[in-house]
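Shown below is the structure under consideration.
Chain nomenclature is as follows: A, B, C and D, assigned in order of appearance, with residue numbering initiated at 1 for each chain independently.
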Amino acid sequence: MKKVAIVGGTGYTGVELLRLLARHPQIEVCAITSRSEAGKAVSDIYPSLRGEYDLAFTEPTIQTLAQADLVFFATPNGVAMKQTPELLASGTKIIDLAADFRIQNIETWSHWYGMEHGCSQLVAQAVYGLPEVNREAIKSANLVANPGCYPTAVQLGLLPLIEQGLIDTDYIVADCKSGVSGAGRGASVGSLMCEAADSFKAYSVAGHRHLPEIKEQLALAHGAPVGVTFVPHLVPMIRGIHATVYARLNEPSTSLESIQKIFEIRYQNYPFVDVMPLGSHPETRSVRGSNICRIALHRPQGENTLVILSAIDNLVKGAAGQAVHNMNLMLGLPEATGLKLVPLSP
Amino acid sequence: MKKVAIVGGTGYTGVELLRLLARHPQIEVCAITSRSEAGKAVSDIYPSLRGEYDLAFTEPTIQTLAQADLVFFATPNGVAMKQTPELLASGTKIIDLAADFRIQNIETWSHWYGMEHGCSQLVAQAVYGLPEVNREAIKSANLVANPGCYPTAVQLGLLPLIEQGLIDTDYIVADCKSGVSGAGRGASVGSLMCEAADSFKAYSVAGHRHLPEIKEQLALAHGAPVGVTFVPHLVPMIRGIHATVYARLNEPSTSLESIQKIFEIRYQNYPFVDVMPLGSHPETRSVRGSNICRIALHRPQGENTLVILSAIDNLVKGAAGQAVHNMNLMLGLPEATGLKLVPLSP
Amino acid sequence: MKKVAIVGGTGYTGVELLRLLARHPQIEVCAITSRSEAGKAVSDIYPSLRGEYDLAFTEPTIQTLAQADLVFFATPNGVAMKQTPELLASGTKIIDLAADFRIQNIETWSHWYGMEHGCSQLVAQAVYGLPEVNREAIKSANLVANPGCYPTAVQLGLLPLIEQGLIDTDYIVADCKSGVSGAGRGASVGSLMCEAADSFKAYSVAGHRHLPEIKEQLALAHGAPVGVTFVPHLVPMIRGIHATVYARLNEPSTSLESIQKIFEIRYQNYPFVDVMPLGSHPETRSVRGSNICRIALHRPQGENTLVILSAIDNLVKGAAGQAVHNMNLMLGLPEATGLKLVPLSP
Amino acid sequence: MKKVAIVGGTGYTGVELLRLLARHPQIEVCAITSRSEAGKAVSDIYPSLRGEYDLAFTEPTIQTLAQADLVFFATPNGVAMKQTPELLASGTKIIDLAADFRIQNIETWSHWYGMEHGCSQLVAQAVYGLPEVNREAIKSANLVANPGCYPTAVQLGLLPLIEQGLIDTDYIVADCKSGVSGAGRGASVGSLMCEAADSFKAYSVAGHRHLPEIKEQLALAHGAPVGVTFVPHLVPMIRGIHATVYARLNEPSTSLESIQKIFEIRYQNYPFVDVMPLGSHPETRSVRGSNICRIALHRPQGENTLVILSAIDNLVKGAAGQAVHNMNLMLGLPEATGLKLVPLSP
């Protein structure tokens, strides 16, 4: 049994980690911290977990956290970087579910996140935790930056195309839609039921923090900068992200069937990517509660624009599930341990 | 490994059985039938199950079904009774998730279900599959009538009170609320998103088929008829039933704390009933996707009316989960096998 | 043209007042106040009102408010009572949409609202603004307490029965369900989309502030105290209240048809109460956006318990619409002016 | 008073016409037809209209319809064309809310709608009923093809750009999202609450019938064919369409401010198009129940891709409201009569 701790356990990614780890056969959650809820039982805050944990929330001290083999930071941006050096020095591995270590370019990070980076010396050694790209590096990493939810859905839809040089990388459109849980459990007017239900809107069209993450990672795959227009939207649902990605084919003669084949081969050894048959339309509910990313390819009217549909559960493959996947890799466990979740549908 | 078959697998209880059985360590689903979808792969109808089953839907012939150790009927009322005699004769056990064997009084059944009973000779040997009442009988049963969703929630909230003679059984009010999945997957205007979402209503106030089931079972517990006013309502959500039950205390001096104790003792050996602390308000989402019934007790203003809150997932504890529980008992497996499901919340 | 002002215009009742008054032919909104949003244009906070108002939010000074013929307080409890004496003295009429003047018994009020009453000397002259009871008194009132949303739905369902002495007033059950807008526009975790959507629960079962209001008003109608068990529930929808009221008939021989007749006669001169045909099930969406209360009567199985279904839009008949109705009466306008709203369905 | 009739009044566009016409000061609905519901009162099918109409549904005979000054066809595709010649001959004007007369190219129409056109001789005289393009032609038309919902939102977002030659018309992306009411009131599994709620998906990516309509109309504006990739998505909400349109600027030097100005001038005399301030994000709820199209312009990161956001209520500006607008024009009434609707929000 390995021990893990969760810092910032009162948000949606925190409770989702608890849900997943409750059935993980080789993990014991030894601590869960929350300054605001310290002293309260987990099951009082989350009745869905009654009977699953005896834990109470505690203060996030280094002593507490250093007892764990691995610590998850399910905290706001800027928190993990403060405790990372000391924890790593104590031999504890770290997965940050926030953005502190997602972007290698420190200047870019500071620009988008509006603060100085408090731990820039460790950014270079952080591994970007997308197992479909960095599985081997993650296995030997001590510090993993868990990807953003939108970047996960978008990259999985684009990587085979970029790696094979099939599309015009100057003009990619990623029209993305997220459930409201992506905004977190903080009490804000915009996330109220009466503000978000039965309505639809775009937001942050001028620029969203996941854009530089997408661009940096795709540039790595491409070996050169890529041009992406990324527009997020808010869907009146709880969980789920759907990315609709538009890309121009470099060669009109490339058949859709051959691209389908490329996707199937690219992901055949990755248990959490499902390349659906041609003509499919993945629904977010078909991945609800699971760690799966379902992808489908289209080429409307046989014209030159490829449409890639990519659906994940933002709290699982887009956050806590991918973090557990990374944890399995970092701790030497079979990668799918505890993650064979059947989606809840309807 | 035991083999089971599912008749009528295209409805919501059918797919929920498939979801649960996909992770059951000792069960193999050997057949799933549907006249309308015969020949199609399960994963084509239910993309959420892609990668879980190789099965295709088949015709529900006796030959196919008799290969199973146990057959689930997830069919409309009136279907199971037609194949039951032949299947039982072949040594296959049966769980009917519909209403064919829920009511012992044949006349009452015919009145409420509007048809002659096609298999009345077997009704007496059918066991009513509420494990919290009939666990031992279920273990030795060949034919189990899986309870209705409303009756499950209402009975679990009332049984300790009736068994202990604490309430006025002449005047019980069961105000119940169900998610739309209770209406099934049939294409009907009333279940359309645009008809049911963002609205609330009562229905079938004049009389709902679950009323005679509730009354017969409570009368068995009481040893005499009981008076129940049962009003179902439609909630704009997918899963969940919440029963708010009102009962008058026989003795005003009975303390709420003593009643709480009675509930805790009554259910202490039943793994799927959670008696919450006094003052709790169970939410349906706290049991979403799980087989748990959460109950909380209130006595507003210290007056003579007891309010019992009871929440289940109608597709799990109210249907497929309870059926798997019954299956475990009937097949000699530990009763919670495959049912340790952590609720999906949010 | 009469002038009105709205204090506390950033909540849901405030914007609903603006929606209704935008098309009122004889009303000009001369001021809308909000300390937090002072200086911002109404249309910036509420894009749905773009093009309807040139107003900006201002500070709620007496000078500003005293220019109006009538002031609406769409504020938290305890605010209206502070400005009421001075405004009344200046000749301005007042409608308080909060609870400051809803309960005549000051002690009861202080107990339930947890504060001293700052204006107890004016409570006795406040008229309870349920036009179906107090139409004439409202016409000559200077200070009207706009009823709570639950009390409106419950009283309209019970008044004819109590006035005619038809039911056992010792044991009434009011099982009520509200959309999330009833919780207001304040940023609280419990009202988040991810907390309230796709779930259902009871709340405040131990005691809700609308209980003493219901009991005081029904006692007035009855001429003696009444016993009511009131349980509110949260429905995953935006607008709407549905009350399911259970009452025992005093005389089993009273026919449902005769009760139907009594309801029809009782409300025949009240334009906003719709007594539906026997057997109906009012849906909240059938009153969405309108000032109508729809009522239907049932007597399940012909037994002794009457079930009354009552549906309103909590923001209209349960708040802003009833306030405009009261305003019309107080200002000598035809009572339905500006309130002939066709419900939005689907 | 002018008389109108509605053919096919049981669908969502039919009831929406009834909602709007109930308050139209110069229109009397003299007949509403439905083969399936003939004989039933409108208020029995639509309780939201109780007290508004005395009408019952009747058979759609020519005699009945010819009494009207104008007939709305709120019918499935292929119905209006059968009665159009006879009705026009009798002097009755016609607005078809379905697709029979939306596309001038008969071959294209037959290809996409999968049937022979039964009235091709009248297509050329039909006016495409987008008042922001064809206001004058509509005034003198006898036969108007009411635009599709998606085409309305997309065209209004693109027309000023195409008319001014500002964008690359070879590669436009229209990523569109619709509420479920767009699928109509027919009983289909895909529109069930349990299938569509709390989920998101694309559909008909290979080709949707609104694509040829969009392309034909944009080609008319451009004077040459345009290239559009159109992907519709299903949003778990009742009403609303949101189009997110991506277009490449021909001249990078064109400032966003100048484009904003072009939009403002283009629509300044059209009462139902609201060009929002730069940086806005129109929500569909901000137009719920109203005839308004809200548009906002963005140019993310100052790069070469323009993002146009366009939101309408699919049942109003996307169907019944636009039809009433066309009716006003055809009958010589002020164009906004009966359409000054304040959106319902929240």
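In the analysis below, contacts are C-beta pairs under 8 Å (C-beta built on N, C-alpha and C of every residue); 3 or more make two chains touch, one makes a residue touch a chain.
Keep in mind it's a predicted model, so treat the numbers as computed, not measured.
The chain with its Cα centre farthest from the Cα centre of chain A is C.
Two chain pairs, A-C and A-D, are weighed by contacting C-beta pairs, with A-D ahead. Inter-chain spacing, taken between the CA centroids of chain A and chain C, is 45 Å. Centroids built from CA atoms put chain B at 37 Å from chain A. One finds 39 Å separating the Cα centroids of chain A and chain D. Within chain C, residues 12, 179, 181, 194-195, 197-198, 236-239, 282-283, 285, 288, 346 each touch two or more of the remaining chains.
Partner chain B is touched in their complex by these residues of chain C: 171, 173, 175, 177, 179, 194-195, 197-203, 205-207, 211, 227, 229-231, 233, 235-240, 242, 244, 246, 248, 279, 281-285, 288, 298, 300-301, 303, 305, 307, 309, 311, 346.
Interface residues of chain D facing chain C in the complex, by the touch rule stated above, are 12, 15, 19, 22-23, 46-52, 181, 197-198, 238-239, 274, 276, 280, 282-283, 285-289, 294, 340, 342-346. The residues of chain C lying in touch with chain A in their complex are 12, 179-181, 185, 187-189, 191-198, 236-238.
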